[in-house]
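Below are two complexes that have subunit A in common, paired first with subunit B and then with subunit C.
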Partner chain A sequence: MAEKPEDLNLPLTVVTRIVKEALPSGVSISKEARTGLAKAASVFVLYVTSAATNIVKNKKRKALTGQDVIDAMKDIEFDRFVEPLGEALEHYKTMASARKSASMKKKDEQEDAEVIEDD
Partner chain B sequence: MSEEECHEDVDISDITEHSESYLENEHLKFALTEATEADNNKLEFELNSEEQVHEKKQKTEVIRSTKLPIARIKNIMKMDPDVNIVSSDAVFLVTKATEMFLETIVKETYAFTSSNKRKVISKKDLELVIDKVDCLCFLEGAMDF
Partner chain C sequence: MATPKSEKDLHLPLSRVKTIMKSSPDVEAVGPEPLYLVTKVTELFVMDLAKRAHKNSNANFLEYKHIADIVQEDDTLDFLREIMPRKITVRQFKEMMAKKAAKNGDDSSEDSSEDSSEDSSSNNEQE
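For the complex of A and B:
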């Protein structure tokens, strides 16, 4: 498989941080193992994407959505991720709509501020 | 053989538990992010209210809701020729799932490492885990580098 390093690899430092937090203190990981984990993560992304894309194709849709990703988890035997991902999706949607209303609010405040300055 | 089964048993409850607490922390991070998005733009106005000064400080404390870079994950996803449009929540969830996956696989691997009374996880341990755990079979050959 022809690989372009920047394209396929995830940053080693971030991967290391994630795995270290999941381990008890005093445990370390060899450099090769860290590289292996980063590679495994990339392969996982491709694997999930492929499974989710299949779902989208079968439903004759075109856009890959968050729900498709969650459904794909069941197909790839990662059922235990379904619930946490469902919660994450809810949080993400809440945050997205909060951001929207915050930027709209800020827009109003901008207009108010301009009015004050004019006076 | 029984050792093999033992490792698979360790796997499930361990991981689910951790994933749940991980997400509880994420909830707090989301709340922080919310506040700072709003005042990103307030910085220009300099109305100098105490509130704004406080919010500016919050901006520097913001923790991302994902650790892995979303843009990089999106690039990897786009390498699949069948992928057309990907919604932002899909990329976000794949990023989250990948983080959870990393936690899962490293804990699984550590079980092997510690059963051999070692404290350094090696590539060999990873290879063993990929071989033994069913749901990791898609990684076969990935460690050939």
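For the complex of A and C:
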């Protein structure tokens, strides 16, 4: 299935925002540099995905997990990202379970309300 | 149900990252958890590379070449070498080609003799 070329690129405006936040204010970045970074980011996504997929295949699993992504960092020699990603994963799991219990709580409240109305 | 932006704290669009991930061969399902981490680490990567390039630049203007230099010199960035070559002017390219041609003309034919006193310097391109 043919994909539009832009679908595999990350939006330049977003990449620019990330770069600006990372650098001190007052630094200007050439368009070529921004485009280069955007392309590099896309290639990096593929690179990480490939490394993580290899790990999953070696373990005879099919679905990628967050931990696989973290383990992949060591394989591709980006050990410096292991710790921040570990924190990100914790943060993600906390958010996910908070959302889950919030929606379950809401469901419980709705059921309670229905019971009262039945009286 | 709207997710507050501060909770997600990501800039890159998850859907686009997912599209890229799925274009990789052998990838089957991409769940939200690995998608989140891949997106996150890609942002970290961009910031990291930008900061290093900026240090490389010694100025307040970040240019492509500052990034290309780092990519070419750091082996962990090997995967980027093809898409971020160092760029040279046409004149520099011509000078490079002229030097190569001169060198090929000077090199004597393959001499497997052990007594060879000529040092032949290899001019191999390192991939």
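Definition applied: the second predicted complex is superposed on the first by the 106 of 119 C-alpha atoms of A that agree within 3 Å, B and C clash if a C-alpha of one lies under 4 Å from a C-alpha of the other, contacts with A are read in each partner's own complex, and residues count from 1 in each chain.
Keep this in mind: contacts are C-beta pairs under 8 Å (C-beta built on N, C-alpha and C of every residue); 3 or more make two chains touch, one makes a residue touch a chain.
None of the values given here were measured: they were computed from a predicted structure.
Putting subunit B and subunit C onto subunit A via the overlay, clash or fit?
Aligned on subunit A, subunit B and subunit C clash with each other.
Regarding the shared-chain residue A:A40, is it in contact with subunit B (first), subunit C (second), both, or neither?
It touches subunit B and subunit C both.
Going by the contact rule set out at the top, does A:A52 touch subunit B (first), subunit C (second), both, or neither?
both
Between subunit B (first) and subunit C (second), which, if any, makes contact with A:K105: first, second, both or neither?
first
Let me check the overlay on chain A: which residues of subunit A are in contact with subunit B and also with subunit C?
7-8, 10-11, 14-15, 17-19, 21-23, 26-30, 32-33, 36-37, 39-50, 52-53, 57, 62-66, 68-70, 73, 76-78, 80-81, 84-85, 88-89, 92-93, 95-96, 99, 103
Which of the residues in subunit A end up touching subunit C in this complex?
These residues of subunit A touch subunit C: 3, 7-11, 14-15, 17-19, 21-23, 26-30, 32-33, 36-37, 39-50, 52-53, 57, 62-66, 68-70, 73, 76-78, 80-81, 84-85, 88-89, 92-93, 95-96, 99, 103.
Sort out for me which residues of subunit B touch subunit A in the complex.
Within the complex, subunit B touches subunit A at residues 12, 15-16, 18-20, 22-23, 26-27, 30, 33-34, 37-38, 41-42, 45, 47, 65, 67-69, 72-73, 75-77, 79-80, 82-87, 89-90, 92-94, 96-103, 105-107, 109-110, 113-114, 119-123, 125-127, 130, 134-135, 138-139, 142-143, 145.
With touch defined as at the start, can you tell me which subunit C residues reach subunit A in the complex?
Per the stated touch rule, the residues are 1, 3, 7, 11-13, 16-17, 19-21, 23-24, 26-34, 36-38, 40-51, 53-54, 60-64, 66-68, 71, 76, 79-80, 83-84.
Which subunit A residues qualify as touching subunit B in the complex?
By the definition above, subunit A touches subunit B via 7-8, 10-11, 14-15, 17-19, 21-23, 26-30, 32-33, 35-37, 39-50, 52-53, 57, 62-66, 68-70, 73, 76-78, 80-81, 84-85, 87-89, 91-96, 98-99, 102-103, 105-106, 109-110, 113.
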